[in-house]
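Chain naming follows the written order as A, B, C and D, and within any one chain the residues start at number 1.
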């Protein structure tokens, strides 16, 4: 089975808006937390990847919102790698409220593999260890 | 022709991230600026709508990123109303860099019409003036 | 000894700016995380306080920055209650980098006790249990 | 008279929190908008300064809050340069609500002049043109 990273944290007061719920834009930094935690499972942290001049800027993002997270909630982000190409990678996310396991939102992000000059690179060739680790996690051999 | 709202502003330093470009999540507050400016054209501001207990939380959001906006850039958000139902509304956005009119990103947001308790409402019935104004803007009779 | 709350978390990518360090404004939401965790020790969570119509908006804030936190760092916020009046409260914060216990920043926030209409209230009289708990934590009898 | 930069903008929905007012931390990015606009008056933009490897990270920040800005408000940030040393600079800010000119908040930020490696530099020597421009603005000869 494909590896799924689960990471939990409390909603921050500063993430809420005047509607009393977490602002929709703030789910994307939450997805990013999940993505970073997922990528660490390759054995190379996100910060370390960037030092090695591998960056993964977004080319697309999307989310569906079912119920607003609130201050006082603890939430869990479940992250999976849903597609891995040589120059591109897609992650999927689900956000649960811990108290009752209600699915609050889900989403995805698509990324390009680029170098520190934001030039596209073939990650499979240039970073074979990281790329193979991601592949193994997606295929369920790495968890 | 359908009404298109255009609003311009400078990229804020605080919107950039360590990659040196605007963080992908920050395009959504930009879309919101466009949406608020659009909705004011109904003659009722977003803030006033909320006082009248009409809220429009997101049910979905999405964006495609073509080139990262940078600190020093002035950008324009062009907003149109792409779909209007009795309980639902969809806006579309394009973000341009002013210096060369390059399209940096585009996206959409879907919203439900709800009251101050976040209960769904039929906006066409409950807020006929606002709803008809939105319709006229979409159909190109309001600009 | 006065109670000190310590809470740790990872720096988020979205908190960094183009200088490569955490944006100075983002230490204030970190202080808030510390403050919320501190206040929960009264037995009443921050979210619950607000339901009871006790709010604590800021009247003043300040921070000194010694070294920039970076993506990849885990940090700890140490929070103490440095002054408690009947209508006012002051918290102090220190932010450490976990890897070497380096003090990265410190700061404070001053707050007014107000009701849900943002009107000042005498918290000692109106919320004696919460107020006495805060006092005990400050005086070191509550930890 | 010393030069004062004034810049106006609308409160963003995403800047509010569940208390219904602008989150206290978001005044600091507003100060930054004022500071960037001020520094452009030297003839060299903030973005251009960073290209020339002059950065001005914060060493200290502070704010007093008198009344919460709200969504629907247009605000003005008035920025002055209150102190200029060879390795250090201090800016002061006042935030007004446009509708009634009420002072909502005021604050300051202290900065070090550093290079792109975050090493302290003598700005008066290394960037004499920028430094003298700042001096003239502070002394009231540049406006």
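In this section, contacts are C-beta pairs under 8 Å (C-beta built on N, C-alpha and C of every residue); 3 or more make two chains touch, one makes a residue touch a chain.
Quantities reported herein were computed from a predicted structural model and do not represent experimental measurements.
Undergrad: Look at the interfaces A-B and B-D and say which one is made up of more C-beta pairs in contact.
TA: A-B
Undergrad: If we define chain centres by averaging CA atoms, which chain lands farthest from subunit C? Would you check?
TA: B
Undergrad: Where the centres are mean C-alpha positions, what is the separation of subunit A from subunit D, in Å?
TA: 34
Undergrad: Can you compute the centre-to-centre distance for subunit A and subunit B, using the mean CA position of each chain? Integer Å is fine.
TA: 25
Undergrad: Measuring centre to centre with CA averages, how many angstrom lie between subunit B and subunit D?
TA: 28
Undergrad: Among the residues of subunit A, which ones contact at least 2 other chains?
TA: 13-14, 18, 21, 23, 25, 28-29, 32, 50, 71
Undergrad: Would you pull the subunit C residues touching subunit D in the complex into a rising list?
TA: The touching residues are 18-19, 21, 23-26, 28-29, 32, 50, 55, 57-65, 68, 109, 118.
Undergrad: Can you list the residues on subunit A that touch subunit C in the complex?
TA: These residues of subunit A touch subunit C: 9-10, 12-14, 28-29, 32-33, 36, 45-48, 50, 70-72.
Undergrad: Could you list, by residue number, the parts of subunit C that touch subunit B in their complex?
TA: 13-14, 16-18, 20-21, 23, 25, 71
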